[in-house]
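Please find one structure pasted underneath; my questions will follow.
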Amino acid sequence: MQQPAFAYVRHGQTPFFRLPTRDVGVDAEAYRGIQAVLLGVPYDGGCTHHPGARFAPYHVRRVSATTQSFHPSHRIDVFQALRCVDGGNAALPPFAPAMAREILQQEIGAITSARARPFVVGGDHSITLPVLRALAEAHGPLAVLHIDAHLDTSTGELWGDAFHHGTPFRHAIEEGLLARDALVQVGIRAPWGTPEEDALVKGYGGRILSPFELQDPRTLARELRGHFGGRPLYVSIDVDGIDPSFAPGTGTPVPCGLTPREVTSLLRGLAGCRLVGMDVVEVCPALDHADLTSLLAAHLIFEGLALAALAGE
Amino acid sequence: MQQPAFAYVRHGQTPFFRLPTRDVGVDAEAYRGIQAVLLGVPYDGGCTHHPGARFAPYHVRRVSATTQSFHPSHRIDVFQALRCVDGGNAALPPFAPAMAREILQQEIGAITSARARPFVVGGDHSITLPVLRALAEAHGPLAVLHIDAHLDTSTGELWGDAFHHGTPFRHAIEEGLLARDALVQVGIRAPWGTPEEDALVKGYGGRILSPFELQDPRTLARELRGHFGGRPLYVSIDVDGIDPSFAPGTGTPVPCGLTPREVTSLLRGLAGCRLVGMDVVEVCPALDHADLTSLLAAHLIFEGLALAALAGE
Amino acid sequence: MQQPAFAYVRHGQTPFFRLPTRDVGVDAEAYRGIQAVLLGVPYDGGCTHHPGARFAPYHVRRVSATTQSFHPSHRIDVFQALRCVDGGNAALPPFAPAMAREILQQEIGAITSARARPFVVGGDHSITLPVLRALAEAHGPLAVLHIDAHLDTSTGELWGDAFHHGTPFRHAIEEGLLARDALVQVGIRAPWGTPEEDALVKGYGGRILSPFELQDPRTLARELRGHFGGRPLYVSIDVDGIDPSFAPGTGTPVPCGLTPREVTSLLRGLAGCRLVGMDVVEVCPALDHADLTSLLAAHLIFEGLALAALAGE
Amino acid sequence: MQQPAFAYVRHGQTPFFRLPTRDVGVDAEAYRGIQAVLLGVPYDGGCTHHPGARFAPYHVRRVSATTQSFHPSHRIDVFQALRCVDGGNAALPPFAPAMAREILQQEIGAITSARARPFVVGGDHSITLPVLRALAEAHGPLAVLHIDAHLDTSTGELWGDAFHHGTPFRHAIEEGLLARDALVQVGIRAPWGTPEEDALVKGYGGRILSPFELQDPRTLARELRGHFGGRPLYVSIDVDGIDPSFAPGTGTPVPCGLTPREVTSLLRGLAGCRLVGMDVVEVCPALDHADLTSLLAAHLIFEGLALAALAGE
Amino acid sequence: MQQPAFAYVRHGQTPFFRLPTRDVGVDAEAYRGIQAVLLGVPYDGGCTHHPGARFAPYHVRRVSATTQSFHPSHRIDVFQALRCVDGGNAALPPFAPAMAREILQQEIGAITSARARPFVVGGDHSITLPVLRALAEAHGPLAVLHIDAHLDTSTGELWGDAFHHGTPFRHAIEEGLLARDALVQVGIRAPWGTPEEDALVKGYGGRILSPFELQDPRTLARELRGHFGGRPLYVSIDVDGIDPSFAPGTGTPVPCGLTPREVTSLLRGLAGCRLVGMDVVEVCPALDHADLTSLLAAHLIFEGLALAALAGE
Amino acid sequence: MQQPAFAYVRHGQTPFFRLPTRDVGVDAEAYRGIQAVLLGVPYDGGCTHHPGARFAPYHVRRVSATTQSFHPSHRIDVFQALRCVDGGNAALPPFAPAMAREILQQEIGAITSARARPFVVGGDHSITLPVLRALAEAHGPLAVLHIDAHLDTSTGELWGDAFHHGTPFRHAIEEGLLARDALVQVGIRAPWGTPEEDALVKGYGGRILSPFELQDPRTLARELRGHFGGRPLYVSIDVDGIDPSFAPGTGTPVPCGLTPREVTSLLRGLAGCRLVGMDVVEVCPALDHADLTSLLAAHLIFEGLALAALAGE
């Protein structure tokens, strides 16, 4: 007999997607044989506006519990095809950002050492930098699909610290973590402080698309698939890339965002790419309603896992 | 002088669309001369996840009170063209599902005996089965347009009862209530438990469309109009077929749903079909915000009534 | 070094009060050496009005994670003094109430067989009956402190089933699970259907106190402590016994309830009683705000655990 | 067999307390034999701050539906002892305050002509003036118990109209509608604009009590019962007299309010007084949570009806 | 060094977009040299259904504070190119609609006298009439782009006053404030009371487009740009023109509305038109969630300011 | 004629209590002649659990706008008796806690240099330490009334920083900012991590009272008034000292808190003390409902200002 849909009830606990749990921190051995590790990062110490994303992993886990495992579009049973575990949360010191980055990089390092892929649920967007560092160390410079309302290439000038949730992609470029030509930013639309805000990404061969410029996500996906080729691909989704009506629970919402169908079509069109990791960040449960944003985050992670499942190994 | 728009204020009561009320239960005589009966079904005893749909009829009635009667797209005065009443609620025993189905089937039977059409506001989706039973008894096997995120053709294996809100269309097919070829499911997108979940509907000649496959609802409507021909048509709308941003008040929301404009265009395109009944189910007011979902349900029922008004008789 | 307060972050999971988990169902061996088992019962199939209490265990667990262990009033470290585990949830079939009661009774039986005490987080109040059955089997007729807005001694006449959330104490009395003279109901205030609603409890020597009759909870506690003596005591708290301003997340709120300080004083005054089990029921998260009701439930369970810790063994 | 508790489900409509409805406006004949008429007044055209009380009657009706009829403290079956109807709503023109007052006075006049008592659910507090006018016409100058955070004896100077929700008791005094010595205001606590704000009431022999001065509501009730004697008594409850934690849904909340238990004790202590009418006003559903304020309003009206039921006739 | 993004923190006050403030009322001198004046109009005395829009200016100001000034699509620094001030609120008497209209017309007159453009944040839609009066006085008959769910050409017959939030465009036409042929209404979709509701606008050469008829907003914008030519253009946006999922905080929501991307594309396509003023009305914060609607209103005003900045002078 | 109550509408801005604004930072000259400065501190970088208090000053300002100035209990016109200004917000760097403390201490120093008293609206409780430093520098060791659920004398051991919102009073004692014997903590009730948590305060002669130990706030106030004598008194109110039903908008709520009436009575009883400053902290608007907590904060600040007004000078 099939496993009852309400089996998750038994535990009382709510690991991501009712997956087995593994609680390892920086011990790669514990992940041996695992292909994907879901990791919560309850940290919002890099937030410049409305904090609260530190609570996202708890809520995304809870609402993910009822997700079934067969993906009707890719026609693959994600959790049969891919050995996944819930690796728990990275326990980052809340008032020591540099140490937090260090610890997270090591935890991601443990995952890549086990040849598994990290699927990270943030936390604010500042957590993406240490993830990129660990992945670039393992795979070399990365191609990145970045969904966001903001470029996230600010300097630290405005906030007194060069490492906050508006800066990860500046550092990633400056540190050589990203492959030239291979940063694609979709959903960008918030007003800028200066006319040159896109200079860094443009100068690095990157591509910036507002929701108004996105015609057909399937066409874009086809282009990107060709463009990315066999390069290691990281997907970073700030939920504010999506319109606030679909994702009200976020700290810096901007009207006129992408729709979940657009983002999902884009992701599905990347089947065949070499996905090495993914994050969904900036879910702020205190501002959410009826778990809309947490549900959307769980959905997006599931779409990423499906891509990994299709790629196999 | 025109009836004041705020006349509904006088009553204090809030019948659907300020319609006259008729409280008959299973006495068809009382409906003589009536063409459409709006019926609330405050029952969620078939809900496997988040209950609360039992309160929907009260809220849908309340928010429907300000709807004017002239439909500017079809250019018809719905309540002048169609003799409608609010038939009250079916008073179903909350802990006796079999008896609940029996009573509801009889109440719908009273409506069809009077040659009127039922427009049902649920309640959870399990209430659709007894409605289909009564309508098939009156009209023979039905064509069905089913808007939903889920196929609703589960078995009872998982939940210990074969009759719950995830099973009505399995029973409807197995009991021969539906015309072969004539079940069209639109909005389907939730992950499945097994690869064969669509086998029953496909094997019965049904059609399944995800929101990603829906190109133009007007084109689809044109196809369906031809396909359904003069067959008796039932429309069943689970509000979770629509995206949770538009319908947050529902118990099993799934991202990437249809938009209200798509569903409305689809319905409007069915003008000329022989609509024999309709339901809108799974509105859960406790999870709603600013009455969005109740308003949407009232709107959809009004669109269905407009189709009936156009058909006349 | 002291365990960091943010250690719960590591797991990602949220067992009650960061306790070790044990997932045993009906296997008493697994509880050997344990003194208290926290059990979630995500079941609201006995609810006659607003359902949703099935989700309470998830939220009470989540908010309990930050509770420290030293009780500053009793001056005892609760989790050092009492060996506690989170036993997970009882996985009850949602549509088969009789089977649900049977399973829950067995799970409580496993706890009592291990000489541990159950601390149950509901679920609706119908779950108290099987708990009382298992405890009375282990300890003989019980003394009960029952906090509620309602007597919960209804018959099944109104709702077509004799076992729902308005009837557990009728059955408990009729089945001889309660000691004569030893049912004390505090907080009772909802209007009744008939003048005789208190006859059953009064006839059994029970005591009924409205919030208006409660003068000083400490005085009442002193009386009760004498009255209960060494009899096995069960505490059953329906959160609607407390005023809806403090506990908005509940299905049948009634104005003019007890305050959390009154209930807490009453519980603290029972130090020395022989507490054999406890439940907190009717927390409905969908109607809660800012986790007020879930926090209150966690607090009340902690107060109960403190009583057990003081009693030792 | 007793009437099923869920009978109200049948109608779908939600009259106050499931009472029979009567929709008469100014036709006193229709109320013949009735002792109490519940009237909704969906009007907030007198609101100076946060409007929305116009929607209160719909929500108070809805949540009142589950109230049983036997009052366990007074030990009387309220709806058996008192012939009550839901008289619907007064349909007041939203932009014509003077006409609105005129119509409402006539509707109350129809009730008093039938020798019935009005129980009014507002609406903002400006509606109390026409009610007092009609009652004083029928009974002569009235004793009034006024629960409020504010004195409601402002002038029109500040807002450009002498008739708004901050002025009813000024007009009532100046028009001679109130008996000298017989206005008692309880709950008053909002800061004043000038030191003389209490002069009018004090000069008329009235009494003003802040929540800080209220020692024991039962003692106060005893005093008032003696003081009011056989004079016709009107009770006017602005829900902001009660603390905003219990009544968040109101337009001008003020911290440190009365508790529902205090107000209820005060009302219960008035048993024996000659209650000729009552209102509960300033419930603003858009600001409410989990229906707390609407439930409280229904409770207070029920307490008032119980007083009338005890008085009989 | 660039001005810190959190400089607005210093003040504590929250002028629109952190602009300098100017508090002048009807003194045009104070606006000398200013090109755009943002004006709040906290008035909802013309609301026939759910009031509360009087609080919108406070919330739109607050959420506008984080908007940067460079518009990445038009590639213009809006606040460098256009001299803007926050003119405070028009302080309208809440119970004296005629006087309110008079005052507002004078305040707008002061703005036009200074050759500045008004950008108005309502308030309900009744405030648009006095704005149009003042602008037509300054510029002659206006072209108008009107975004709304409703035609707003009702008569006063239903509500007892000819001037409420459902009538401004009737009066504007009848008073000759609008240029013939030059009223374009987009988003119109609410059911009508009679079949002739569009007669007035159609008879005046106006154009009415439902969301279902809007194919490509860029195409429409191109047409309108040609059609409006050099005529003075006013843009009036009732947020209920946009779908309630994006704008839940509004008093008369109607499903199937425009998306923010459609409206924004339409506005951006009007670059080159001679914009003389704009309003965004009917934002009701009490019904909003996570400031979605206030954020959207701030965004739309910013888009309007960008059009003015492009036009220069 | 009296200033219209709606005059604050004119500005659109919302200074605390409609007071004049002064924006000086560390320039004491600007405060010359002022007796009380209201200062917002939008900083929550010291929060260990649910952040968001950085937004409190905006909301407390907004809701304070309708407060009248005459205190009916003390019978004093607060803003006539005391020259008050809104000093804006301290603009603290969000990621540099040490610098933040330094800046805030200087800003408070500017206030004390002008011989004015600071009334601070936080922000999290970590902001109290620099305020105490500045005040102790001006006045010598302080007496402190501290309302809180927590002792706030933690070490930095758990969180990796010795300066967070759980530590201000440890530092204040260790730095000699507080007078021996003169720290009184009321409302303390959260469980502790170790049995010795009260040792520091007790060893310093402080007094700790849980809500269960508070009998009559007026009696306590009388004692404290004698005890504090002429010593400079600081009042620090963490809103979580008050029960979460009254103050849901806070980051670490604990059931069984004080009531607003108790706290208000305690404050009023301190009339005659030499109040040198006050703060209200930990208001988290994202978790609030209907502005309850912001309103309460404004009320408490007003009570503190009244004490200062009574003291004069």
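The first chain written gets the first letter, and so on, giving A, B, C, D, E and F; residue counts start at 1 in each chain.
In the analysis below, a residue touches a chain if its C-beta (ideal position, glycine included) is under 8 Å from a C-beta of that chain, and two chains touch if they have at least 3 such contacts.
Note that the coordinates shown come from a computational prediction; the quantities given were computed from them, not determined experimentally.
Comparing each option in E-F, B-E or D-E with A-B by residue number, the pair that reproduces over half of the contacts is B-E. When you average the Cα atoms of each chain and compare centres, the chain farthest from subunit D turns out to be A.
Contact tally for B-C versus A-C: the pair with more C-beta pairs in contact is A-C. Separating the CA-averaged centres of subunit C and subunit D is a span of 38 Å.
Subunit C and subunit F have Cα centroids lying 38 Å from one another. Each chain gets a centre from the mean of its Cα atoms; for subunit A and subunit D, those two points are 56 Å apart.
Shared contact sites, meaning residues of subunit D that touch two or more other chains, fall at 4, 6, 48, 94, 159, 243, 245, 287, 289.
Under the contact rule stated at the top, the pairs of chains that touch are A-B, A-C, A-E, A-F, B-C, B-D, B-E, C-D, C-F, D-E, D-F, E-F.
Touching subunit F in their complex are the following residues of subunit E: 4, 6-7, 9-15, 21, 23, 25, 40, 42, 57-58, 61-62, 86, 88-89, 91, 94. Within the complex, the subunit A residues that touch subunit B are 1-2, 4-6, 66-73, 75, 77-78, 243, 245-246, 260-261, 264-265, 268, 289-292, 295-296, 299, 302.
Across the interface of their complex, subunit E is touched by residues 48-49, 157-159, 188-195, 197-198, 210-212, 243-245, 248-249, 252-256, 287-289 of subunit A. Those residues of subunit F whose C-beta lies close enough to touch subunit A in the complex are 44-48, 50-52, 54-55, 93-97, 99, 159-161, 164, 286-287.
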